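Next up is a structure, given as structure tokens.
Chain IDs A, B and C follow the sequence of writing; residue 1 opens each chain.
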Amino acid sequence: MRGFGIRALHVELSEGRLTSDDLIRDSLAAIEEADGQVRAFLRVTGERAFAQASPKEKVTGAPALSWLTGIPFAAKDNLCVEGVPTTCASRILEGYVPPHTATAVRRIESAGGVLIGKVNLDEFAMGSSTENSGFYPTRNPWDLTRVPGGSSGGSAAAVAAGFVPYALGSDTGGSIRQPAAFCGVVGLKPTYGLVSRFGLVAFASSLDQIGPLTRSVEDAAIVLQGIAGWDERDSTSVQVDIPDYLASLTGDVGGLRVGVPTEYFETDMDRGVRDRVMEALDALRQLGAEVRPIRLPHTRYALSAYYLIAPAEASSNLARYDGVRFGVRAKDAANLLTMYERTRSAGFGPEVKRRILIGTYALSSGYYDAYYKRAQQVRTLIRQDFEAAFAEVDVIVSPTTPTPAFRFGEKADPLTMYLNDIYTIPVNLAGLPAISVPCGLQDGLPVGLQLIGRPFDETTLLRAADAYERVSGFASLRPTALGEVQ
Amino acid sequence: MEFETVIGLEVHVELRTRTKIFCGCAVEFGAAPNSRVCPVCLGSPGVLPVLNEEALKLGIRAALALSCEVRLSSKFDRKNYFYPDSPKAYQISQYDEPIGEHGCVMIAGTSAPRSIGITRIHLEEDAGKLTHSPFGDASLVDLNRVGIPLIEIVSEPDLRTPDEARQYLEELKSILQYCGVSDCRMEEGSLRCDANISLRPVGQTTLGTKTELKNMNSFRNVVRGLEYEQERQRAVLLAGGAVVQQTLRFDEATGTTIVMRSKEDAHDYRYFPDPDLPRIELTQAYLDARRAEIPELPAQMRARFEQVYGLPAYDSLVLTSTQGLARYFDVAASQARDPKAVSNWLMGDVLGYLKEMSQEIDTQLMRPEQLAQLLRLIDDGTISTKIAKTVLRDMMTSGQDASAIIEQQGLVQISDEAALREIAERVIAANPKSVEDWRAGKEKALGSLVGQMMKETKGKANPQLVNRLIADMLRE
Amino acid sequence: MHLTTEDVVHVAALARLHVTSEETEALVVELGRILDYARDLQELDLSGVPATSQIGITTTVVRADEPRPSLTAEQAVANAPDEDEGMFRVPAVLEG
């Protein structure tokens, strides 16, 4: 069962060969067996899972309501689930139990999806390796001495290790796509506004999106179908008709115009990464796509703009963690000011503090125009670059990351860590949909191919990614670090 | 050295919506602590604001009623600061693109009517309430008030006396109340006022150093606070000193202003556009619809009462203090022979009874047409003014017509001369001493006989007639 | 635009974060490098370029003024580190 895609599991369930309880048990067993090494989960909610699966699915032969019914999934621990402790991998939220559930999770659970547990992340989604988790790091199932990527490292690792068929993650600067690339799974960041952010603990409000990490593009389409769509509780969610994403997976990319950004390939990337991506482009050509170079002239400013905008919004979003109404509070503080400072200093890890400080600085009196406002203006230019490019092409292709998964402790310097996100960040700044699909190995480690689409054109994006996936030959590969994983 | 006082007011008004500005919690005065909160207004992790359409409508209506230029495109900004009554550690407000600017309000002024400028009006959310714990060194936080929709109205420093400040507040309150935007009750906190005040030598155009006054919880205290601070600053300046820019708290008990503890750091609110809320984009049609919702405003009603009904300015000011009273007067006066009489009755007896009964003009039961009818009955002599006053009271508590009450209680004024003559004869015969006193030249004795007669007739005798009759009969 | 120790101390106070002097020194370096990296933004001519503060949403979003259920006071304070009869309890706030 492990390694089965959602469709296969759905068929097993609806034809009565498996029950949801079987799937839950299997998930829990896999976690029991190998999560001691991977450490993807912060909390396993087994009892709740059994209680949640409706009686209908417990009985064999019952027709499933939707693709997602009865199928286990994991949720990144920055997604609130009512009654389930949600920590954002931060000590400051230890013990916090939300009275509300994130819309994306609610939609899946309403469709009968079964939450198996909350998975690890970089604290408050700030990081690219999950090393910043306030509790413990997660390890890459392909090589346990290496990071799974971040911030949705737990989500990617849980899927790669076969603990769950899919997981929800969040992506602000690459946090779904980059760990997907490092762990050899598929990771989709939808167009900004397509999936409700209600219940996603905010990091950078104008950049955050929730999305699926899965074993296949088809599975990503299935999960997206279940979570996309306007939500009255999120003023930034957009009222658009949700197409049938599955139906768009025709395998046909004849005449598809694929753009390759010159500027991306002028940066440093590992040789193996470059080669795998070039091979992927060849494969697309073979399938009938037309590949051509495009220019995104303001690419070089994207990282700077992002590392001012995201921390600025974060500094405001994280100010509510003050020890007053929830979370941890420093004891015996003599006065209010001390209480605030001690609570926040003890509760936040160093990366979170760094970003809060940069963000506060970028917004502060005298610096707002030079930093935050300027960065938002540059953001407009980056968006315009993409708009111009999409007048000529239908999807843009690049590596997801410049290197495959690195070792723990290798990127100790913050700035070096930030450079991981060089291909993924511009996408968030422009609010576009993007997907990372495995495209081969370099020295035994997965390499990710990123495809970027037009706003709200997930159908073209998924079609292209799916067509490529069918010929990529990656589907049969599995992480070997955990021994024989089916 | 003559000084000129310069005052500007910053007023916060709670909008009359059913729910909060960014979530669906009900707005309710006096609910148990933290019983009107939800994850959104609690500032829980992962929550998002959604704008209340009624709050936007009322805010725009207010801006238009205050003659502001309304922006067709504006936005919300985050005002970042840490305080226990602010759960998100930022307040959603408007910084550089408020919904309205450059408005004005007319006041009667000190010697002549004046226009007071309104710099800006913007939408924002309210904060919670802090109280001191009776046990130990702690504060308690009730977040029911968090998220109640407010408009902040900032005036130009155009006011010149504490009384003008009061006039401005009264007029602002009237306008907003007429528009249905807010109840504007300072005692309930739905209208709050902070003031900035400075002095400068007469003739100087630059502003002097100002101080900010807070904690004035009634119009009267605003006046008291400004009067005290005005004199305090004058004394400092006359002594050759300089006014220190600081925030002062008005102390109600002593009537003085006291320096508030200075905050740890000057506030850097780090305003930036709130990414969770779309821009507010309005159309002309939307503004036109809001404008159409604005009723005849107090100033317009006053002008009309003065021109059409010939009322003096004093009357029109009192009668337009609330929309209910103004409309009541309007209906009654339109059906009465003498609008000034209607005004007198309303300003006098009616308001008096309302106060006594703890009622409002709209909660008592007498309709304006009924008041007009009552005045007609006095006019045509059916009842005396004195009797009318008690009938009025009954009308207000029962809602019955004057004629019905008069009939039930047999209060028709006795104007039948023959009947009165008969009673007068009896009274005169029964009070020989008074007659003797009158004959001796004591004019008061006449009054005493008239009084007896009124008593005999239970007040129903027509007093003018009685006076004439007794006087005539005594002379006979 | 050069980040100083005073800047870090000031910003930490604004953010209600306590930083030791060692941390401050390290932060001056780390944050300084990030801001230096961002210096390239200063080169650009951005006259006439609007700032993007939002993506995708183009219309005002409002909801009807209809009451929704609130939490009970018990639920509201359920996660509170310190509460007293349904109110959140914090160290005394000085008047001001």
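In this text, a residue touches a chain if its C-beta (ideal position, glycine included) is under 8 Å from a C-beta of that chain, and two chains touch if they have at least 3 such contacts.
Here the structure is a predicted model, which means the values were calculated and not measured.
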| item | value |
| --- | --- |
| Centrality ranking, top chain (CA atoms only) | C |
| Of B-C and A-B, pair with higher C-beta contact tally | B-C |
| Averaged-CA centre spacing for the pair chain C and chain A, given as whole angstrom | 23 |
| Distance from the mean Cα position of chain B to that of chain A, given in whole angstrom | 57 |
| Centre-to-centre distance between chain C and chain B (centres being mean Cα positions), rounded to whole Å | 40 |
| Contacts with 2+ other chains: residues of chain C | 14, 16, 53-54, 57, 61, 63, 71, 77, 88, 90-94 |
| Residues of chain B touching at least two other chains | 39, 42, 50-51, 82, 84, 139, 141, 143, 264, 268, 270, 272, 275, 277-278 |
| Shared-contact residues (touching 2 or more other chains) in chain A | 96, 99, 206, 232, 235-236, 315, 319, 322, 324-326, 336-337, 340, 360, 364 |
| Chain C - residues contacting chain B, complex | 13-14, 16, 53-54, 57-73, 76-77, 84-96 |
| Contact footprint of chain A on chain C as seen in their complex | 1, 3, 7-8, 10-12, 14-19, 27, 30-31, 33-35, 37-42, 44, 46, 49-57, 61, 63, 71, 75, 77-82, 88, 90-94 |
| Chain A residues within the chain B interface of the complex | 78-80, 86, 88, 93, 96, 98-100, 102, 197-202, 204-206, 232-236, 312-313, 315-316, 319-320, 322, 324-326, 336-337, 340, 360, 363-365, 368, 372 |
| Chain B - residues contacting chain A, complex | 39, 42-51, 78, 80, 82, 84, 87-90, 139, 141, 143, 264, 268, 270-272, 275-278 |
| Interfacial residue positions of chain B with respect to chain C in the complex | 17-19, 23-26, 32-39, 42, 50-56, 75, 82-84, 130-133, 135, 137-143, 247, 249, 260-265, 268, 270, 272-273, 275, 277-282 |
